[in-house]
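What follows is a group of structures, each given as structure tokens.
Two complexes, one shared chain (chain A), two partners (chain B, chain C).
Then we have the complex of A and B:
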């Protein structure tokens, strides 16, 4: 049982071991770890794994948890169909919407 | 999904070509479970079996192909006569050998080859995609001729048809979540107020389960003071709320996106709506944290919130099943009481050292209880059972027997839950990781306020000292 995999991100099948390995390969920010391992990019958009991943990163880097920089979590928070979006009547998007980075 | 429908009425669905007879008043995921099908999908990379996990339409585990349309959340889909349900993944058949081959030949397979190659001519692209996608674990495309069925009712090609407005306009206060903290916020809010929740009635994630306990003849609730007072608090807030006819309540609705700092997108079933606000009160509660242990993806491992939805909302039948409840806190005792009330056989493992106040009550109920153990891992045992293994945590503790492994039909893991945080982040809120509060937590500002479990409070009351708790 000790050899069984520990899943950090179930949607993208990222194990804790893979996440740690990616860290040792030099990916030390949550954003780059997300892009490299796929953690938090699945159907649940990080609901299942991002706080665990950030907590693990804080331990790996030996920094206070509050100092871990969060990845950019873009809307929507769950997958939608084009049909759902097309049925939405919204005023034209205004120009002052800026992407946080 | 009301439970008390006419008994005896049956519907028929097809699963992988086999006809199953089932009761009509529940979800596809629950019907499959009750027919012995726990594995709803296989994970994309390792081909691991996955079963219903969040029961809330968040995770990937329950995504299936329904009437030839892939990626349908079967934990939220009511059964209907004649439905055709299939697993959509190919992982079970291809994953391990195929991915080894792809990895060995990675020089010949560039990133994203499966959607870059074979795109022309168009007629052939579909033929190739239908074969390449399964190899890479992403499943088949929707069946031909079913595209129109996937469309929700809405404006057709001829332009908008008459229907409910999708822009709800502006409210002074929008409150996301109608649990105890959301209801308390609604009681104080003035002006035009909108309250929304993904449940059908206000009261929160535990209300249905607490009501079920209160109605149960064993009166287990009376033995657990904290559960009794939770229910009393929620009922008082619900009574207060019922007099507020100036508050708009949207049920079955959840906030799913913030594209602009003063408006959010809501989803009710297949329909989206947008709403503008001056103040947003984020009372969306918390999500189950299963924890990082070997085999934490085993089908049958659930958090307490998923358990409440499966047992109370969907009426999952666990009578006579052996359920292992591991962890501590209010949800631990509540899960145990609820499982006991619906006739499951319990084994409790209290792993939260600080939480021993309710142990005498559990002993009083004659629930088998172990302490001083640490969870080592869970593995599947056959298609329908699991086995949990433990090690002594060094504190001594007590166990009814010296066994360090336990077999069960189901394992409920009650850890510190994580606050929901995504939409406040998208709205520009300052979100940071505070493990002592369960996960990412929002720093409140003038127009975004998190309350209750979404702010890191423990269920039933604030985790932080009272003077630090912001009131909306």
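Then we have the complex of A and C:
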């Protein structure tokens, strides 16, 4: 089996081949690769694939893995239903910041 | 290939565009189409990383002033042809906009708006609450007093739009630099001379400020004072569902808006009156807040109870560039030749960017006057010649 058919992102069915193709189309950062291929946008929100994607991008760009800029992490940490969220009290304004940009 | 130039910037350019969002990319592409050579875009992060890529993707013609209606109409025509024009799928879908209200007091204004829109050939209709169920069968109408619906409004995928334009720019010879910051702009004798970046300087006679929430700071580099203030707004997506929701639903009562993307996610946000208007980019804070998630979830479940068991996947924030009349600022300023701004869209840059960019490119390339640009010029604030629109939501 070709390595290109390996699933990089199992939630969104993104293969290594598709990820590499997106890179050659000019999506050279994880933030853009995420939005173009859908990698990391599924149910696990990247917990299962982001490190693999970063490693693959390091190989494609021929840079150390530590130099790959990761995507911003978006809350919630686990998907929550709107009913769960709606049951909470509204926090005061300018409170409870969680996520960087 | 999406243009992602690296290395030093060119020493000269016919025009330098600050900002790689919808406004900058459309304007660059249209300038090239007008025959301008050597157009450069400078983007400090990545394509669409600012307000464009953070927006809800809605495009509506339901406004309360004729000028806004006509402009939005022109924009919808561009969106209708955009995928073909760019050779790139932008996922424009005309599911309509359903604007709902919970206040009897809004009904005369809604009816007036429908009449004005119909006069402009926008096919909006006024709906009684129970008529909304034909469009959104599971909407909770118990608190609704009325609604308006325009089937020709719609949504597009903001990133696909910027990628499509970025490719078109590349084909047309525009050079786009990402991860490139503007550090200064030099003008003398009342003329633009040079743009300074962290990759080197570009000698140019034209600079076009499409920096969105950062436009105020860019303008200040050449002594232009914009009245814009920047407000943080939040938005979220849910897990993907089968198609169930045709239109964008938007409440003029509480500011919630939600639609379903072609990927199946509910995409939605809600305005927060507690958000202050800022003037200093150092104060922009686009970290997510639980407050937004709770306010949005409460409003969504109230209007659409069946969404209760749907899961929210992620939330994010972006900045609106808000003007005193919630309308964009276009054109230049007297006494500073070669400086232009396309900013101040107040949350509507994605919906209007294709048409304002096209008009501005023609104006810049040919010098021809444009009635829309004249009407939306910066001096309207000093003159007090404002035509604010009543339908500013979200």
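Throughout what follows, the second predicted complex is superposed on the first by the 89 of 101 C-alpha atoms of A that agree within 3 Å, B and C clash if a C-alpha of one lies under 4 Å from a C-alpha of the other, contacts with A are read in each partner's own complex, and residues count from 1 in each chain.
Note that contacts are C-beta pairs under 8 Å (C-beta built on N, C-alpha and C of every residue); 3 or more make two chains touch, one makes a residue touch a chain.
Since the structure is predicted, the reported quantities are computational estimates derived from the model, not experimental observations.
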Should the superposition on chain A be reported as showing a clash between chain B and chain C, or a fit? clash
Identify the partner contact of A:7: answer first if only chain B is touched, second if only chain C is, both if each is, neither if none is. first
Looking at chain A, does chain B or chain C touch a larger number of its residues? B
So, does A:29 touch the first partner chain B, the second partner chain C, both, or neither? second
Give one of first, second, both or neither to describe whether A:89 is in contact with chain B, with chain C, with both, or with none. both
Partner chain(s) touched by A:75 [first = chain B, second = chain C, both, neither]: both
In the superposed arrangement, does A:39 touch chain B (first), chain C (second), both or neither? neither
Superposing both complexes on chain A puts chain C into chain B at one of 4-12, 220-228 or 238-246, namely 238-246
Chain A residues where the chain B and chain C footprints coincide 43, 45, 74-76, 79-81, 83-86, 88-91, 93-94, 97, 100
Across the complex, what residues on chain A touch chain B? 1-8, 10-13, 16, 42-48, 50-52, 54-56, 58, 65-66, 68, 70, 73-81, 83-91, 93-94, 97, 100
For the complex, give me every residue of chain B touching chain A. 43-46, 48, 50, 53-54, 57-61, 63, 71, 150-155, 160, 165-167, 256-260, 265, 267, 270-274, 287, 289, 292-297, 376-377, 379, 389, 418, 420, 422-423, 425-426, 428, 431-435, 438-440
Write out the stretch or stretches of chain C touching chain A in their complex. 1-4, 46-47, 49, 53, 159, 163, 238-239, 263, 272, 274-275, 285-291, 293-298, 300-301, 307-316
Tell me, which parts of chain A touch chain C in their complex? 24-29, 31-32, 35-36, 38, 41, 43, 45, 72, 74-76, 79-86, 88-101
